[in-house]
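Next up, some structures in structure tokens.
Both complexes shown next keep chain A, but they swap its partner, so chain B is in the first and chain C is in the second.
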Partner chain A sequence: MKKKIVLIILALMAFVMCYPILFLMTGSLMGKQELIEHLKPMLVEKPEGFITMGLLPVFPTLKNYVQILMDSPEFFVMFWNSVKITVSILLIQLFVGVPAAWAFAKYDFPCRKLLFTLYIILMMMPFQVTMLSNYLVLDHLKLVNTQLAVILPAGFSTFPVFIMYRFFSDIPKEIIEAAQIDGANALQVFRYIALPGGSGGIISAMVLGFLEYWNLIEQPMTFLTDPKLWPLSLYLPEISAKTAGSAFASAIIGLIPALLVFLAGEDYLEKGIMASAVKE
Partner chain B sequence: MRSSRTNYTGILFLLPSLAGVLVFVLLPFADVIRRSFTEMPENKWAGIENYITVFQNTAFQMAAGNTVRFLTVCMPLLILSSLAISIFLNNQTRLGQLLKSAYLVPMAIPVASVVILWKVLFHQQGLLNGLLTAAGSATVDWMNSKYAFWVLVFSYVWKNIGYNIVLWMAGLSSIPASIYEAARVDGAGEWKIFTRITLPNLSKVFYTIVILSLLNSFKVFREAYLVAGNYPDESMYLLQHLFQNWYRELSLDKLSAAAVVIAVVITLLVLPIQKAFYLER
Partner chain C sequence: MTDIIKKVWSMEIKKKDHRSMREKAVTGLAVFLVLMFLFTMLSRAANAITIPRVTSESPQKRSINHTVSVEGTIESQDEQPVVTVEGLKIGAVMAEKGKKVKAGELLLQIDMEYLKEKIKELELEAETIDLEISDARYNQSVQDNNRQKNINRAVENYNAAVDSGNRSVDRAYQEMINAQKSLEDFYNTPQTDEEGSDSAVQEEQLRADYETKKSAYEDAVAARDESLREKNNTIEEAQNETEKTSTAESAAIKKETLEINLEKYNELLKQEGKITAPADGVITEIDETVVTGGVTPATKLMLLSKEEAGFRFVANITKDEQKYVSLGDEVILETKDKEEIKGLTVTSVTKSEKEADTYEVTVSLNADARINLYDSAAMKVSGTAKTYSTCISKNALRKDSNDQDYVLLLVEKDTVLGKQLEAEALNVNVQDSNDTYAALTNGELAAGQKIILNSDKEVQSGDKVRLAEDEE
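Up next is the complex of A and B:
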């Protein structure tokens, strides 16, 4: 009995966790009239009563989506900016971070411990602490107000190195030694043992990375002054009587890529989170 | 591969990453440290002048106070609630997995999307006040009063509880079942088992959770900024707001000194944990 009550509470909490998706979905499928009816108290000067929201739209329509997809070229630009920025960051992390993680996991070299400590400290730093440093170098390289200003510092983030490192360390050294005895050189070991053996870690880092970089707020807002360069995460249409519907629809469209990555990669996401825990 | 011959192969693998870190973070941060002891625009040595200015700045004191208050409220709240849920979910199989997935969903919801809900929920005439009125209590101006702070706490717990549940459950599942069985055979009660076996065995994962909760707590600025802009209610004015505002106002002396201070604080917090991350190869 007691267990049942706890379970019901937990299920209710789970509903609260996922409610934003339902809420945005419902709003985005509502016709203009219906949505204004619900949101009226925040749309008029002297409000009476309170905002309401149905669980499901009474008269579902795709008009809001049509409007945002057909009539808002700036939305497309921002969506495309988000894709460009996110994919570029993840590609740099792949090319740069994977070998680095492999180096920390299986090689010994001078200052290894010191450098690794440094990487961990850096991954903990909030953006605001490194903001000025980033700015100084980006300004020097004449990159401020280009998307590279967001892409490059994030591409060299040390967080994915750390996640992948945890997975690479699990590859037994006997396999590597056997390959070396068979005459494999360092690159071959990396290509044929590290990459397949650590693929789980690489995917985990990419999933965590996608959710993070699809969501960039501070970096583009700080380093990109031209709104044409902004990613979708900075697209915040005012909720007015005219734009409420497209605000909901754009929120759903912005959510879809992240949700797809989440659903497809949830196992890897969990593994990636667990990798950051200390092994017993 | 710990032979002297391969000593430098590792460096080669690391080099591209290290070069980027040096160029984009370390070298410019050295310049920030230099700037923190320099008086601009005369560009002359200022000693700890900038640091004194920062610590005496009332906005800094308020933001630092709010940040500390935010951390001391939301971290224990998040860590304890996620532990309680994990312990319960740990005994459930299918349903536990499903609920865990549901708790992780907020990680995938972009801030810019959820902000619409926050605005509708916490508006003066919003959903929440509608519920409060229906329940017969007075309405609250959520975003423009001391309650703004609690909106931020809620937002943080909502976003991060799934992350922490995954970590706690990883810790719980690493405790061998045989220890529990032995304790039960010896007649230990559930509470005793919890305090004598479960908690001590979770100590390592606990430290990781504290550090990662701290790391993720810095990110509430995104919600705070998108909901309330550069100057939100004073109760939720965090160090992140202050840094962004100093950057926009080009108060670079103060910004560099404050960045050094926070970097030192975070380094001191992180150093004890990093030893635990070293693995044998």
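Up next is the complex of A and C:
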């Protein structure tokens, strides 16, 4: 009985959590007139009442998807911008963050602890805190209003280093020593011991990174003024009666890659989150 | 040690169970990306199809030359009517409308029997009229004699009245003078006191006698004058008594007309009833009554356009076009065979009587012009050209619902898809224009500014467009 009550409570909570997705799906399948009726309080100047949304559309239509997929080349510009930004960030993290994490985990060098503490401090800082300094540096480097302004700070983010550090730390010292005795050099140890041993951490860092960078809003809004450089998260920043249906459909389409990446790296993600939760 | 290694690798414990899901997700992601790539291409292609393709131009310094092109017809310069005596029976009609004829060529044959009958009829009529005239003349002489007699008689009466009146007046005058003398004598004779009362009575008598005589004299004068006036009136009446009988004159006129007709009939008889072409030319019109068996009309039988007189091109132009066509302007005429005749000038520009706000332009052509009567031809008249600094093609000029002229500028806009061209309306004022170009008020358009000339779809302000020449 107790279990059932818990189950019901959990189911209700799950529904509440999932409702925004359901809301999006329903909205994306609604016609223009039906959407206007539901979103009226949001679209008029002097709103009365609140937005409502039925669980199912009265007159389902795929018009919004057709509109987005066939008649909105701007959507694809932003989609591929998102892909470009996200993949670039993840690649930089892979090439810079992985060796950095390995070094922090297994190498003893001067000021290691201090540097790592600095990393953690930087990781703790929200974007709003570092925004101004970021902007000043990027402006000085003449990178403002280029996608590098978003890619570079994110690519050199400390968070993936921290996650991967946790995984690399768990690799036993003895394995590395055994390899070294067998004649492996530092690069071979990194290649044959660190990467396979820390692959879970790397993947989880990449999955977490993808989910974060796919949905970037503040950084592009701050550093990119040219709409053609914007990522998908900034598509249709203002919803009007005309664009409401497209906004719903574009949100659903934008959700798909994140969902697929999540499904592909679900296990690693859990471990990554767990790793990031463990204090040094 | 082994435990630790196992622990590290245990992270992939569920790998086996979840591999299919992970693989599906990765495959799904790959498929999704491929689909998105395809849709990217598709949406771009769809966008390219829906965006109007336009051609553009920049304003330029040009000369606006007003060329009036108008269609018209070739007419004859001189049309001559072919006429004959009215009322003759037509034996045969040889002429046809549009037929070229030579001078002397037979056009129409009058029925000879009928003509002879008609001549006989007229001759008899002439004789009758002659008799009428002689009768009328005799009557007139009798009337004239009577009138003269009446006048003479009235004159005689007048003269007698003058004599008798003068006599009466003289007599009365003498009596009045005598009475006056008696009165004067009485006044000149000295009077005694005893005779005083008698002399007053005598004076009164003498004065009364004088007054009576004076009145008698005045009455005699008045009576004479009155009598003379009456007699004079009688003379005038006798003189005016002439009865205006125009019978003889009208008969003479009638005969004269008859003789003219008779002369014509005889002339026609001499020509054996043949009516021939007076000159080389083309029959342009035949009266509808002119048919075999019909009767010759009072007006023309037919119209003959004289060949040697040449042709003229006639066209109608509008009031607006008339501003650019003046007498003496050079004209290029294009025949229906696309042959150009140059070196012609506008001969006349007159207001059309048939249509309001329309003018008739004529251009004279020589007789040797390689052109046929009633052919259609196109006229081109080029007036004086004026140079303007901001000229655009007429196609680029548009009109809004308020009849305001505007052009669509090509403006480059930064969009998500990169730099894109957009149409932007700009109101303009037209200074002058012809069929091809329009001159705008200076300063409205910059020299390098591009404007939309043509488009494959309707373009409105704010529409995205692309240049057709970019694709070539």
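Note that the second predicted complex is superposed on the first by the 252 of 280 C-alpha atoms of A that agree within 3 Å, B and C clash if a C-alpha of one lies under 4 Å from a C-alpha of the other, contacts with A are read in each partner's own complex, and residues count from 1 in each chain.
The rule we apply is simple: a contact is a pair of C-beta atoms (placed from the backbone, for glycine too) under 8 Å apart; a residue touches a chain by one contact, two chains touch by 3 or more.
Just so it is clear, the structure is predicted and the values come from calculations on it, not from any experiment.
Student: Who does A:65 touch here: chain B (first), chain C (second), both, or neither?
Tutor: A:65 sits against neither chain B nor chain C.
Student: Output check: A:172 vs chain B and chain C. Expected answer is one of first, second, both, neither. What do you get?
Tutor: A:172: touches chain C, not chain B.
Student: Between chain B (first) and chain C (second), which, if any, makes contact with A:213: first, second, both or neither?
Tutor: The answer is neither, since A:213 touches no partner chain.
Student: Which holds for A:47: it touches chain B only (first), chain C only (second), both, or neither?
Tutor: After superposition on chain A, A:47 lies in contact with chain B alone.
Student: With both complexes overlaid on chain A, does A:153 touch chain B (first), chain C (second), both or neither?
Tutor: First partner only.
Student: If you count the residues of chain A that each partner touches, which comes out higher, chain B or chain C?
Tutor: It is B that touches the greater number of chain A residues.
Student: Scan A:266 for contacts with chain B and chain C and give back first, second, both or neither.
Tutor: After superposing on A, A:266 lies in contact with both chain B and chain C.
Student: Touch check for A:227: first (chain B), second (chain C), both, or neither?
Tutor: Second partner only, chain C.
Student: What residues on chain A does chain C touch that chain B touches too?
Tutor: The answer is residues 261-262, 266 of chain A.
Student: List the residues on chain A that touch chain C in their complex, please.
Tutor: Those in contact with chain C are residues 69-80, 83, 170-172, 174-175, 197, 200, 226-228, 230, 256-257, 260-268, 271.
Student: So in the complex, which bits of chain A are touching chain B?
Tutor: Listed in rising order, the residues of chain A that touch chain B are 6-7, 10-11, 13-21, 23-24, 27, 39, 41-42, 47, 49-53, 92, 95-97, 99-100, 102-110, 112-113, 115-137, 152-153, 155-156, 158, 161-162, 166, 169, 173, 176, 180, 186, 190, 211, 214-215, 217-218, 221-222, 232-236, 239, 247-248, 251-252, 254-255, 258-259, 261-262, 266, 269-270, 273-274, 276-280.
Student: Any idea which chain B residues touch chain A in the complex?
Tutor: Chain B reaches chain A through residues 1-2, 6-14, 16-18, 20-21, 23-29, 31-32, 35, 85, 88-89, 92, 95, 99, 101-117, 119-120, 123-127, 129-130, 133, 158, 161-163, 166-167, 170-171, 174, 201, 204-205, 207-209, 211-212, 214-215, 218-219, 221-222, 225-226, 239-240, 243-244, 247, 252, 255-256, 259, 262-263, 266-267, 269-271, 273-274, 276-279, 281.
Student: Sort out for me which residues of chain C touch chain A in the complex.
Tutor: Within the complex, chain C touches chain A at residues 1, 4-5, 7-8, 11-12, 14-15, 18, 21-22, 24-26, 28-29, 32-33, 36, 39-40, 42-44, 46-47, 50, 414-418.
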